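Pasting the structures in now, so scroll down.
Here come two complexes built around chain A, the first alongside chain B, the second alongside chain C.
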Partner chain A sequence: MTAQALQQRDLAVVIGLEVHVQLETDTKIFCGCSTESADDEAPNTRTCPVCLGLPGALPVLNEAAVEAAVKVGKALDADIAEETRFHRKNYYYPDLPKNFQITQYDAPICADGALEVSVEDDRREIGIGRAHLEEDPGSLQHEGGSIETADHTLVDYNRAGTPLMEIVTEPDFRGPGEVRAFLAKLEEVLEYLGVFDASRDGSLRIDANISLMPADEMADDGSVDEAALEAANRTEVKNISSHKGAEKALAYEVTRQKNAVERGREIEQETRHWDESRGITVSMRSKEEEKDYRYFREADLPPLQVADWKERIPIPELPDARRERFREAYGLDAEAAAKLTSTKEVADFFEDVADRFDAGLAATWVADDLLGELNYRDMTITDVSGRLDEFARLIELVDTDEITEKNAREVVLRTMLDEGHTPEEVVEREGLGKAGDDAVAAAVEAAIEENPDAVEDYHDGEGGALNFLVGQVMSKTGGSADPGTVNGLLRERLDE
Partner chain B sequence: MSVDAFITEETIQGADDGPLADRTVAIKDNISTAGVRTTCGSEMLADYVPPYDATVVERLKRAGATLVGKTNMDEFGMGTTTETSAFGPTKNPVDESRVPGGSSGGSAAAVAAGEADVALGSDTGGSVRCPAAFCGVVGIKPTYGLVSRYGLVAYANSLEQIGPLAPTVEGAAEVLDVIAGPDERDATTREAGADADYASAADGDVEGLSIGVPTELIEGADERVIERFEATLDDLRAQGAETHEVSLPSVERAVQAYYVIAMSEASSNLARFDGVRYGPETDADGNWNDSFAQVREEGFGDEVKRRILLGTYALSAGYHDKYYAKAQDARAWLKQDFDEALAEADVLASPTMPVLPFELGESLDDPLQMYLADANTVPVNLANLPAVSVPAGRADGLPVGFQLIGSAFGEREIIRAASAVEN
Partner chain C sequence: MSETPVDPDEVRHTADLARIDLDEDEVERFAVQFADILSYFDALDDVPEVDAEADLVNVMRADEVRDGLSQEEALRNAPETEDGYFKGPSVS
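And then the complex of A and B:
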């Protein structure tokens, strides 16, 4: 379509994604090297002959990576292949140890799936064409500049061989907001499956294909004609690494392309690089000829039969289902249910305490108090993973009336987070334990003795007198007595 | 006088005792040896020292063997004469004006010249059997999956196996006993045949053995070779074996299919040699593609470049279906033909090489002649089957090899039959 022809028509945005996700496994996909990178790790130390691609080394498939992929397939409601089959994708690039990548080609482990996302109040189903397993290349370090200007480039193979899943969506997105919602949902699902760690550097890499199409060529149901899409000039945006980044990069692209069309300029078919720090996309190379990867079967990896893995491998309840269940089972409102299922760890913790103590109390404590205080400190539940027990005990102290809710929230929880103490330590140190029965009884006796006027007023039927006496008892016990109990004890004693 | 069998002579001492404690072993220079350079006969790897041992090397050391050096070979295994080595040719100890065969020519020559008791070679399309035949020693190409390839620098990974060379069938079988069996580092290895005790099969007892002779593998062979082959069959019949003709119609496509597959795989397997970690220093400027190209231009010899280019072409879009896919079909048919022939016979027999050893230099200018010499060996690799080449006397003073092909993991049968040829 010429620029002029586009200029005169309303434009619709069509986006498809290729999402590379690092799968969380203990070891790399084809060797025994760890996937866990230490912060101060030296380059090329977490390697072996296999992931270095040394002559003679052979890949051996890590079944844990296949298991993780099957879980993803189940969560995306995809068809799972009967057997794994790997191909070599041949191309020369300095970060590729063997100058080919072992990947899946004609028989991806997952095909034909979908993920439903909510965008504002709209439910949208995004088709997943395929999702396949492959190995991550190494990483390049351009010394003294960018890829264009560097004096030389160093190669680090520590990352090489990390299991990757490439998830390819259908061109089902009609705007950057949908892309963001989809990616956030995908991350959430992957995290629930326990196959993904968003905090890991490079754990999510996104390439987006974006085309502007005449709006009248879109079908009424929003679907897009394949031939028309083929005919539109497509821009591939690379180097996106988060759902927020994806929304920004694509919003930038939509504006850039619409401006180009308005000015009567052709949109070039090209690859662009998202420059996160500058917030713009930059042309990498224009109209490069179609790459020929010369795919062929990887004979070193015999097929692994996985026909029954879909049955065999369980996946946890996914976030949408869990939200629904929480609302029903615990009587939560939508907002609380959403908060309490925001990550699997939060949901598991809530469910644990809700089942042990009062569910309403648990919901308030987890959704509002714990998450609120964490959020205030720029922390998430993963930062206190090892201390969930302590928080459960704090809720228990409240549930069993051993400390007041106010003290638990304002003193104990905050001190626990700020100083790292256990709830018992804080209670002990601050003397927050509710006063013992004897102490309360003694305080009641003392209050009656010391305030004969108030006692008389009480007997005369003056309502304020009892409250005054309760206040006296509370002050004598340093606020650690339960006001309801004090009230009862006073009445009992005065009515004798 | 030396026949130039070795690229690197270096002694690596194995365990104090074990089944190979009194044996010296020469190792083809495409099998990784920790700390000892492993060149694959190429300038590209002239300085490459592996940090790890191939599984077979580990097993030999554990069995008490003494490794005596790394043997010459056609560059990356690509050749039938050992003349494509960047380190110069090896001479045939039987006749030093002749080639030792290839690509494991150094290993065969070392054994034939008595410079090692036994040797390891690798066989992608005949590279153990051809030099065994040309040098008058025994060479075994095991069933694909019997011996670990971990540490074998790949030429065509779907086709090749490491195999032993020795003066006698029993000697070769003793080495096979040590190196055979599954390896968790090579996913294509199998449990089958792991503890078969191959040496004990070399008992020469062929009474009642049924030998199929594929007519297609006799046609076109040098008459002097055929004469020795027939004499050997007579001898086996005299020992109680039965022979009959079988047909493998699809072998006429085998050489084409073999070269398409081997070159395709090679184009990928050798892609990693790009100058980043291996290869000569060059003065290339420009981008890394220019630099990669320059290193490969300088580091690879002509035959390797030829095969990489042809393999790249055969896998390219638009040609993949015409060449690579067709070759895979031919491979499947060939397997079927072998299955049928082996349903009617215990083993199959043919001349190992249809020709006598070439004169040094004779075949270098005519790659096609070299490729066609592999006609009897490549079908075995395409079908993943085991085969052995055993000396069948001499013609005009030059060794002739007799090839026996078995069913998958049928090494004991071919070892038994081959030991009868020695009788």
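And then the complex of A and C:
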């Protein structure tokens, strides 16, 4: 379609993704080198003849990477191939010491899956065409300038050979917001599976294909005719590394393409690089087409027949199912259920305390108090992983009436987070233990004795008098009495 | 010796993919040599077909860390290094 023809018509956005996720294993995909990276590690300290591509070295597949791939396939409701194999993708670039990347080509381990996503109030099903295993390249530093002006390159192969899964979606996205929602959901599912760590640098990398099509060529159900999509020029945007980045990069690219069309210009079929710091996409020279990669069978790796692993390998309850179960089992509303299943760690913690204490109390404490106070401090549950038993004990102190909810919330929880103390230490130091029955009774007696005027006002029917007396008792007990109990005790005594 | 050399553009493209600079003389010489090399594969036509049977499947190892190379060992064959990195020409 010519630029002029497009100019006259309403345009719709069509996006498909290739998402690379790093699988959490102890060792690399084809050798026994550790994948445990540290921010300050020295370069080229986690390598061996296999991941350095030294002559004669032979790759041997990591069983844990295959298990992780099967789990991902299962969670995406994909088919696990009866037989899957590896190919060499040939290209000359120093991030690959072998001059080829071991990946999968015509027989990926997973095919034909889907992931359901909520976008605003809509449920959308995003098709997963395939998902395959491959090795990560090494990392390059372009020294003495930017990628275009550098005068030499420094290469570190610590990352080379880290197991990756490339998940390829169908062109099912109709806007950048859907992409962001999908990526957030995908991360959530992968974390539930325990095969992915979002906090790891570079653990999620995204390439996006984006095209504009005449809106009237799209069916009412939003599906796209393949030939029409093929006819539209698309750009591939590379170097996106987060779901927020994806939304920004694609919003930029949609605007850029629409502007081009409005000015009557062709959209060039090209690869573009997302420059996160400048917030723009930049055209990248790309000489290779698929045939130039000269894919051929990796003869050093025998085929895999692991379709039966799908039955054998269990996966945990996934977020959507857990959300539904929480709503029913604990009587939660949609918002609370969503918060309490936002990560597996939060959900596991909630379930633990909800089963031991009052479920409603547990929900408020985990969803509102704990997550709220963590969020306020720019922290997440992973920052306090080692202290979850302390928070459970705090909830127990409230559940068993040892301290008031107000003190627990406003003093103990905040001090625990700010100063790192245990709940017992804070209660002890601040003297917050709920006053014992005797102490409260004594305070009630004293308040009545010391305030005869208020007692008289109470008997005259003045509503404020009781509140005044409750306040007196509360101050005598340093706020550690339960106001409801004090209220009851006072009435009992005064109405005798 | 083959009669019809490979198209020089094919040679240039292949050289590009391999990041090798060829001058025009070399392109011509390689066009002839490429054709020779490709003709060697004609010998495969004379090989009787046999059923290839993959006898090995599911060869995997446990996810256990094994000692690899030290930084010094890893860099030992590199022509140029800097601060523990392999050093090479700029690439884009």
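Simple rule for what comes next: the second predicted complex is superposed on the first by the 430 of 496 C-alpha atoms of A that agree within 3 Å, B and C clash if a C-alpha of one lies under 4 Å from a C-alpha of the other, contacts with A are read in each partner's own complex, and residues count from 1 in each chain.
In the analysis below, contacts are C-beta pairs under 8 Å (C-beta built on N, C-alpha and C of every residue); 3 or more make two chains touch, one makes a residue touch a chain.
Source: prediction; values computed, not measured.
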Worksheet item: Between chain B (first) and chain C (second), which does A:A64 come into contact with in this model arrangement: first, second, both, or neither?
Response: second
Worksheet item: Given the touch rule stated above, what does A:V155 touch, chain B (first), chain C (second), both, or neither?
Response: both
Worksheet item: Thinking of the overlay built on chain A, is A:F100 touched by chain B (first), by chain C (second), by both, or by neither?
Response: first
Worksheet item: Once the shared chain is lined up, is A:L140 touching chain B (first), chain C (second), both, or neither of them?
Response: second
Worksheet entry | Which of chain B and chain C A:T27 touches, first, second, both or neither | second
Fill in: Touching partner for A:R387 - first (chain B), second (chain C), both, neither
neither
Item to complete: Once the structures are superposed on A, label A:P49 by its partner contacts, choosing first (chain B), second (chain C), both or neither.
Response: both
Worksheet entry | Contact breadth on chain A, by residue count: chain C or chain B | C
Worksheet item: For A:R88, is the partner it touches chain B (first), chain C (second), both, or none of the two (neither)?
Response: first
Discussion item. Let me test your reading of the model: by the given contact rule, A:F296 touches which partner, first (chain B), second (chain C), both or neither?
Written reply: first
Discussion item. Does any part of chain A touch chain B in one structure and chain C in the other, and if so which residues?
Written reply: 49, 60-61, 90, 92, 94, 153, 155, 292, 301-302
Worksheet item: Quick one: in the complex, what on chain A touches chain C?
Response: 25-27, 31-34, 42-49, 51-52, 60-66, 83, 90-94, 140-142, 144, 147-148, 150-157, 285, 287-288, 292, 301-306
Worksheet entry | Touching residues (chain side chain B, partner chain A) in the complex | 30-32, 38, 40, 45, 48, 50-52, 54, 149-154, 157-158, 184-188, 264-265, 267-268, 271-272, 274, 276, 278, 288-289, 292, 312, 315-317, 320, 324
Discussion item. So in the complex, the part of chain A that touches chain B is made up of which residues?
Written reply: 49, 53-61, 88, 90, 92, 94, 97-100, 153, 155, 292, 294-297, 299-302
Fill in: Residues of chain C that touch chain A when the two form their complex
13, 16-19, 54, 56-66, 68-71, 74-75, 82-92
